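Take this structure first; my questions come after.
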Amino acid sequence: MSREIRRTIPLWLIMGIVAFFLVEYFLDVAVITDVKSEMTRWGTIVSGFTIIFGMVLLIRYHTLQLAVRPTSLNEKVLSVVFFVSFLAFLLVGFSTPERISGTTYQWIYQNMYRPAGTAITALCFWWCIYGGYKVFTIRSWESAAIGLGAVLYMLRLLPIGPVYIPPLAPFADWLLATINVGATRGGTLAIGAGSLVLGMRTLLGKETGALEAVKEG
Amino acid sequence: MTFNDMMAAWTFALFSLAILSYLWKLNYVYKIAETFSVGSLLAHTFVNTWTGSIEGICLKPLMSGQVVRIVPLIFGLMIFTRLSRQYAWISRYPTALLAGVGTGVMFGATFDAQILTQLAMTAQAFIDKDIFSALVILVGVFTTLTYFIYTQEHTGAIGISARLGRIFAMFSFGMNYAAELIWYLTLVVGILIRLVDLWIKGAILGL
Amino acid sequence: MSIYKKLREIPEGYLGLLSIVFMLIPVLYPMGLPLQISGPTKGFYNTLQNLPEGSIVCIDASGGFASYDEFEASITATLKVMLSLPIKWMAWGYGTDGPVMIDLILKGINPASFGKEYGKDYLVLPYIAGVEMAVAAVAEDTQAVATTDFYGNDLSQYDLWNEISGAEDFALVLSISGSCLNMDQEVRQWYTIHGLNILEINMACCSPMSMNYYPDVMPGGLWGAKGGTELEVLSGYPGPGARLSDSQNLGLMPFLLFLILGNVGYFGSKYLEKEEDQ
């Protein structure tokens, strides 16, 4: 009975829900559609709780860093910084009825989070160009293809390319619409087939990865 | 420049340069700025999620009489049992709900959207475009698909087709790489424009 | 070490520094080069222009605020075009920053100057968790997924909110996305089930993957700052895109130079090795 409650019933729940949604997709019955819509909303609500659970884990990690683990002063200061920023944004966010649309929140979000977030992503620029310099040598047909595709499309996207090389724009647009589409469409078809297989395995109760990830005592 | 604008410019410059200092080497100033952004993003996500999903779709309707919303509330709270080794198995139920609903919403439409629609558009190309372009697309689709066949050894005709498909795919990856580089370039240029206009010209030089 | 090997191992600091210098040149001295408008941008503009009067557009907004520079020009130009047309729109977020970006841009463009009123002509809803589940929920029963708007106000007081029940009330979907895989989910939930076409605003890196659906499912798209700049030029509404696009012009020239040097180094090294073997 313990095994049924802990593993078998959740698995049946997955299979039942997927089967129900599949039936709804092919049948046009109002009651079934209403139940399916309500269950979809349940999914969005539970997703919200899952996101909050992730936050709880990160807060727990930093709490342990500060209070329990034998970490260096530098690491402890980082955890303090984490809590300061988290609590500051949380307090400002909930302090007014407008929540995140409030003026103060928008000020701190745009002038503190946005520059840091943008710069973190922007750092990838330098790693990307150095990686490209090292990798894009014409060693084979494949590397020639990747290098040529990169250079042609790069020049098309910059305003300077079509101005100084007029045939570049229509040619690069043609490459994007034919060779690129051929490849990505093949990839999309393969992904679609893979998704169908995954869905069938979930329907038949063979995909237990999500349930196995829960470690029990 | 008002005091508010001055503070905004200096704060922007401080955080941007702290992160960009990584280009010199990984340093403590970068780590502080990075940790700060993680904490702020976490709070931002919490406020958004609470307001939109939990308060908006669950608690408020529940308070106004939609009793059925107690079910996702209970399922949502069950997730937190994962923190206890003894009761972690309870969190399998909300996980099952999420896995079931997540798979269910996409399963039915996948065949139509990602297989039939793609095949239809490949055929439609023979009507909308010139014959050469349509043939290139068809060859690209077919050869890329053969590249993803893992149950047959890539020799003979399949081998040639898979090799051609790989070349098509590499061309597409190159275009993806270029577009990604432009994305990063946009962000870097955006930072530089703001540093020059707001911080150097505005806050420091007072222009 | 031979010169060819040195060309293959130039330290990354030189490339990085040169890139910054080349990027700064057009920031300080704009080049003002013209843009060539691409087919997807024309399709994007024409699709909006051809919407019947009174149509309602659903804006599924995601995208990270950290990439705001990529989205600013596109969203600004699009909202200006939509506010100038006799259509209505409702925006909501399946990413936390979608409604934030739209609200920020709306504050800058002042919809009242286009004669539009909040709640009657346009609405901004908050973030709803669940990604594809959230899209499905909005498409099936829009009124059941939110009770307050992005600003914390009760939605039932707004005329536009009372006109919308689900996908059947929308004429078009505009997806503002921060991921290259979101188009698949939009197609599954909006096009396949409800038959609605989708316009896309996304980062530049997603244009090759989104072209899969162009033009039958996705009649048009704006990718990156360049897409936004093209729409600014096409629609006649100037915005932040022109300066950004212009300033990108020289930023990748050092990279292209290093690419050539790297290949010269590679082939030169190979030639020398062959000579030594002989």
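Note that the chains are named A, B and C in the order they appear, and that numbering of residues resets to 1 at the start of each chain.
Basically, a contact is a pair of C-beta atoms (placed from the backbone, for glycine too) under 8 Å apart; a residue touches a chain by one contact, two chains touch by 3 or more.
Everything numeric here is computed off the predicted structure, so don't read it as measured data.
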May I ask which two chains are joined by the most contacting C-beta pairs? A-B
State the chain with the largest centre-to-centre distance from chain A, centres being mean CA positions. C
By Cα-centroid distance to the whole-protein Cα centroid, the innermost chain is B
Length of the line joining the C-alpha centres of chain B and chain C, rounded to whole Å: 13
How many angstrom lie between the centres of chain A and chain B, each centre taken as the mean Cα position? 4
Chain-centre distance (mean CA atoms) for chain A and chain C, in whole Å, is 17
So chain A residues touching two or more other chains come to 25, 36, 40-41, 43-45, 47-48, 50-51, 99-100, 109-110, 113-114, 117-118, 120-121, 125-126, 129, 132, 147, 151, 153-154, 157-158, 176-177, 180-181, 184-185, 188, 191
Residue ranges of chain C touching at least 2 other chains are 16, 66-69, 128-130, 133, 136, 144-145, 152, 184, 193, 204, 207-209, 212, 224, 226, 248, 252, 255
Two or more other chains are touched by the chain B residues 23, 44-45, 48-49, 51-53, 57, 101-102, 105-106, 109-110, 113-114, 118, 121, 172, 175, 179-182, 185, 187-188, 190
Quick check: in the complex, which residue numbers of chain A touch chain B? 5-7, 9-11, 13-18, 20-22, 24-26, 36, 38-53, 55-56, 58, 60, 74, 77-79, 81-90, 93-94, 99-100, 107-126, 128-129, 132, 141-143, 145-154, 157-158, 174-193, 195-196, 198-199, 202-203, 207, 210-211, 213-217
Which stretch or stretches of chain C touch chain A in the complex? 10, 12, 15-16, 19, 31, 33-36, 38-39, 64-69, 100, 103-104, 128-131, 133-134, 136-137, 140-141, 144-145, 150-152, 184, 193, 204, 207-209, 211-212, 214, 224, 226, 245-246, 248-250, 252, 254-256, 258-259, 262-263, 266-267
Residue ranges of chain B touching chain C (in the complex, touch as defined): 23, 44-45, 48-49, 51-53, 56-57, 60-61, 101-102, 105-106, 109-110, 112-114, 117-118, 120-121, 124, 128, 172, 175-176, 179-183, 185-190, 192-193, 196
Using the touch definition up top, name the residues of chain A that touch chain C in the complex. 25, 33, 36-37, 40-41, 43-45, 47-48, 50-51, 97-101, 106, 109-110, 113-114, 117-118, 120-121, 125-126, 129-130, 132-134, 136-139, 147, 151, 153-154, 157-160, 162-163, 169, 173, 176-177, 180-181, 184-185, 188, 191
Residue ranges of chain B touching chain A (in the complex, touch as defined): 4, 7-8, 11-13, 15-16, 18-20, 22-23, 28, 31-54, 57-58, 68-69, 71-73, 75-77, 79-80, 82-86, 88-89, 91-111, 113-115, 118-119, 121-122, 129, 133, 136-145, 147-148, 163, 165-175, 177-182, 184-185, 187-188, 190-191, 194
